[in-house]
Each structure stands twice: as C-alpha cells, then as structure tokens.
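Some structures to go through are shown next.
First chain A sits with chain B, and in the next complex the same chain sits with chain C.
Moving on to the complex of A and B:
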C-alpha cells in the first residue's frame, strides 16, 4: 500500500503536464495587440483615432433608441450601460437555459431585440448588431476575461477545445498548428497571433470595417481551405468558449485594431 | 472576395480552385526520397520559379523564405529554401513536397500530392483534389534542385 498514492500522484502530474504541453504557458500569453506595430497600438489606445469608436458611438445611440412593437429601448430595461453592462462581455458566451446551450453576446443582443423589443431580428455581421455588440463589450474594456464556471458550459467548452486541435481543410492544419505551435512566426507578411479573443468586435485594417470574432474564425477556416461554419453555428460558439477560457484573466480591448 | 482571405498573406487561397482534377498517380518511396519523376519526364525550372511565387496557388512563400521577390512577404514557418538544391537531391525534394508527413507525421507542411484523410471538412472547391498536380510538382522540383547557393 505505502508508496502507491505517490505513484498515482506522480502519474497524475505527468498526465496533466502532457495534456498542457501544447498550451501556451500563462507567462507567455500575448494579446494580438502586443504583436502589433507601435503605430497600430497607439491607434487602438487613442479613442479619437480608433475607428472602432465610431461603431461604439453608433451602438450607444441604438442603446437609447426605443424600437420594435414593444417600443422600448435597451436602456429602458438595462438603464445606464456603464453600470449594467460592465463586465458582461468578459463573461460571455453564457449558458441559456431556455435554449439548452450557450449563447454568445451578439446572440443575446439579438434575442433581447426580437423577444423583448419585439423588433426585426438583426442579422449577424449587420452594422447595427456589430455596433451594439461593440458598445456593450466596450463597457468591459480593461477588465479581465472571466469565463463563468457554470458546469453546464463544460461539455461545450470541451468540444471547442477539441475543434481547436482538429486538423481541417485541404491544408490539413488545426487552429493549434498556427496559434499554439507557431505564434510569433510569419505566415507570408502576417505575424501569427495567439488567437486571443480580447478585442472583438474589432476594426481590422484589411476589412476596413468592424468585424466579429466569428468573421475572424471563418476567415481562418477559409484560409486552410475548409468549409467555414455558418455565422451563429454552435461550433463557432464552442470555439469561442474555448478561446475565452484560454484567455482567462487577459484584459478586454474592445474595440481593438488589428492589421 | 477580399474579405474571405485568412489575412493579407492568405487572401484568395479559397477563391482559386486547385487546377488538379486527376487522381494521384502511383509513386515509389525509396528511403527519404521519391527518385522517379511523377510524370516520367523532367519538370521545367522556369515554370517552377513562377509557381513558387504564386502565393495563393502553391502557397510555398507563405511559409518559406528563399531567393525570390518580396522577401518581406515571405513567411518563417518553414526553413529558408535558399540553397536547398545543394542540401537535398531532386528525389528528396520531391518527397518533401509530395508527402512531408511521410517523414514527420507532425509537420505542418501540407502534403501536396496526397488526398486529405476523411473528416477534414475540405471546402467543396478543393475536395477530392491534391493541392498541386504531378506536372506542377515536377516544375517545382526542377526549380528547387537548381538552387545551389
């Protein structure tokens, strides 16, 4: 009997180390922000030069605007976003009991709009939905990402982790092939970031527009010649759950700038 | 279609369907090389030099630097291919393009002449095709084998 528990503990430690081997150690985690040029960082930091702030302002207007058959504004239910929305985006995706699955921030905003305001749904990637998402997420700027430890999220998060590790597309690459194993190297002219979802929705110079995390993930999938998951697909929300868990504790940046 | 790219470097990967439709021809691996040409004849190094630069088709320069134009747009995911023809012979280069996973199953370099395993969710435009054709690979081999320094 004696010695056995030690052997088991050792085994557990070795297994844990093996499981974490490919992950980026906490001390080495870097937001995409830290891999950008000083000029782009300055552009992100300065609210007057950050083009994402236009959408945040748009979102603020939409927040105040009564709409739908119910004739209520977001502000009508939630009041001052600076208080009521502080930290919210840092905790999403969250479990939606009625749906029986996780919902992302844009999904929740859409849901409020159709069910509470009784208004037309806002399509994914529409300017209005991006603006509202950016406005709400901006209320978490600087706060640490804080994924809920709701056990109902766990199986979805685990599936996201598995998707992240699975090679896809004609190029047969996993998210992890680039973002865990090769971050900091260059793919053509672009530095490969660690894929932290800290800044979304964000303004991408290449898009010349604000875009969502889902748009980014679909781009990466298309790049490896895979069929991208549809906007709003459960898989994209599972991936987001995993990315948020990987980035736990990192500061929210919305609206970030990326090249 | 610009918005569909993976980033400046990979814009357009998805919009140019692979030119390859033929099923891969059989080939024989000897040691760490495929000694015989896939087409039975030598490739054209000039065509290979052009193909290397076609970043949305061959993709080579997304990962590799080498003696080609626009070094700032060349990637650093793989080794610099300058002088590769002095390090490796044509047969060794051929296997490293056809199926680098034969030498290292964990490599990130795609196998250019092997169909993906099932379940890879390959986009329709590329499904059932190898990334490059046998003739294109022979052109690349001829070009790379000529890079002696």
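Moving on to the complex of A and C:
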C-alpha cells in the first residue's frame, strides 16, 4: 500500500519528463558527424577514402547516360549538374502540384525517369537510384539545408512533427524519446545522434553500403519493434519534411559516413 | 570497375609517400542469405599487389572477415618518376587493376 503513492509520483515524473520533451536549442544542434570518431570524420572528409564516393561517381555516369524511350539523359535537360543541381537536395522534399503531396529527391528522380525519359521506374534502394540521389545531393555538399516555406507543405510537415513525437512499437518509443531527450548518451555501444538528415544518402559502416534516409528510418522503426512504413510511404516523406525543417541551416554532407 | 587511388602527384627524391587504394567490392562471405533465403554466392578478393616500374613493392592477402570496399594504405620511398600499378585478384581468378603516376624531383 505504501508503495503506491511513490509509484504514482514516479509515473507523474515520467509523464512530466515525456511532456517536457522539447526541441533541441539551436546552439546545441549537432550533426552526427560531430559525434563520430576523428578517424570516421577523416574518412568522410577525404573524397578518396570515402566509399560513398563510388556511388557519387556511378551517379555521375548515369547522369550522362541516355535512357528510356525518349532517349534523353538527365544531362540532356538539366545540363551540368554542378550548376543545375547545386543546392537542390538542400530544399527537398518539395511540394508536387500534380501529385498534390510532397515528394522527396529519390521520388523526383524516379518520376523524371518515368515521365520524361519514359524509362522503367527505378525501385527504391536500387543501386542506380541511390547513385543518382547521391550524385545530385553531392552537388549541395557544404550548403545549408534550406527547407522551402511553401504553405502547401505545412500540413504535411506538421504531421511529420506529430509522428516524430508519437510513441510507436512494442518498446513504445517516439523518435523524440531518443533523439531529442537522450542524444549524446549511449544505446548499447553507440552514441545516440540528434537525427539530423544532413548526409543522405550516406554510407553506413553497419550496412557496408550506401543507403537512403528511408532505410535508416525503417531501421529505427524495426528497432523499437514497430511495423515500419513501406519505402516511399507518405509518412516517411512527412517525417523527412519535419527532420529537414529541424535541421534547417545545417550543412549538407552527402555522401556522409556513419557508424 | 571502380577504384579510388590516392598517390601524391609530386614528391622529393627519398621522401616517404603514403599511398591509399580503395576498390568497390562486396567482399561477400558466402554465408549470408538474400531475399527468400537464397544464399548470396561468395565473392572475395584474396590478393592485392602494388608494383612500381614493373617491380612489386607491396602485397597483401585479404580474407572474408574484411569489410566491403577494402581500403589499404601503405608507404613507400619515392625514388624516381613513374607509374604505380595496383592489382586486385578475386578468388575466382578475375583481376582488376588501376594505375597512378608520380613525378619525383
């Protein structure tokens, strides 16, 4: 009997802590880069030691390669990616008027491929789509993330923010439970980062491959034993919208290295 | 074939130079399964060599425990201008190679 008030107090404290979950102040924002070892940072910085560059180079080749029934290459319309794609990835996801919802960079590349090149769509997480996304995003390396303030994106971004705060899975954890409230601490052997999507698609040592933000989000969902959203699901794009807004102003790092 | 080679473009005679070589390769152990439980066939680079002016200056044996996209760094003494040749040999005998020039003054 005597234990119960304590239990209630504890519960109240836990709930208060959960309710207090606030955004990370701007001065405390850290890219996952800053939480890595100096060796991994060096690996990311040197373009000749960064295995993500293999995909960027592949993407550069694909950019020039004519494809589909239209027989045009990406370069046929967009020209020199160094100019035309500079800063583009830093502004995605963007609102697509025809679809009536936001679209991410990989989705846009795939859309361009089916509609303009009249080619087979590239499946999510395929090497070719990752390579093109990495190549396009690499053109924004070092530029600040600059989410568009298109009012049509607002409801989707708000839904992303809500998803970010919603506990999911058997472990009943929200993104914010780890990445806002416990960043910098350890989960198993790994440092919990703040979940800023600065370097996607990125080369994760655990994957021994380049992967997209959606793959990473799905990993976390599986980690908390929730059913992950499918690749390309609107919810994942809404989350990306929120994460990009949260990371506004931080420098793009594509292709980043992460443990 | 995709490789990233880092050799200094120029060096002084007698200088110790660092050479870094990376190749895109899955280093697949053969123990993993892919979609629907189908085994992914083993694919391993087992030998790496670097030669300068036709003479082998560095070699390494690689094993399945090494990660994908193996990265090797080593040093040598710059003696004369010339070309480094890098060769990666798979267990099935296929080889891939790359070259890089150095100017020694």
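Criterion: the second predicted complex is superposed on the first by the 238 of 259 C-alpha atoms of A that agree within 3 Å, B and C clash if a C-alpha of one lies under 4 Å from a C-alpha of the other, contacts with A are read in each partner's own complex, and residues count from 1 in each chain.
Note that in this section contacts are C-beta pairs under 8 Å (C-beta built on N, C-alpha and C of every residue); 3 or more make two chains touch, one makes a residue touch a chain.
What you see is a predicted model; the values in this text were computed from it and never measured.
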{"item": "More chain A residues in contact [chain B versus chain C]", "value": "B"}
{"item": "Chain B versus chain C as contact partner of A:173, first or second or both or neither", "value": "first"}
{"item": "A:227 touches, of chain B and chain C: first, second, both or neither?", "value": "first"}
{"item": "First, second, both or neither for A:248, with chain B first and chain C second", "value": "neither"}
{"item": "First, second, both or neither for A:77, with chain B first and chain C second", "value": "neither"}
{"item": "Partner chain in contact with A:49 - chain B first, chain C second, else both or neither", "value": "second"}
{"item": "Touching both chain C and chain B, counted on chain A across the two superposed complexes", "value": "none"}
{"item": "Contact set on chain A toward chain C in their complex", "value": "46-49, 51, 53-54, 57-58, 205, 208-209"}
{"item": "Chain A contact footprint on chain B (complex, rising order)", "value": "2-11, 13-14, 18, 55, 59, 61-63, 72-77, 108, 110-111, 116-117, 120-127, 129, 131"}
{"item": "Chain B-touching residues of chain A, taken from the complex the two chains share", "value": "167-173, 177-178, 181-182, 185-190, 192, 206-207, 215, 219-220, 222-227, 259"}
{"item": "Complex interface listing, chain C residues touching chain A", "value": "2, 4-6, 20, 22, 24, 26-27, 67-69, 71"}
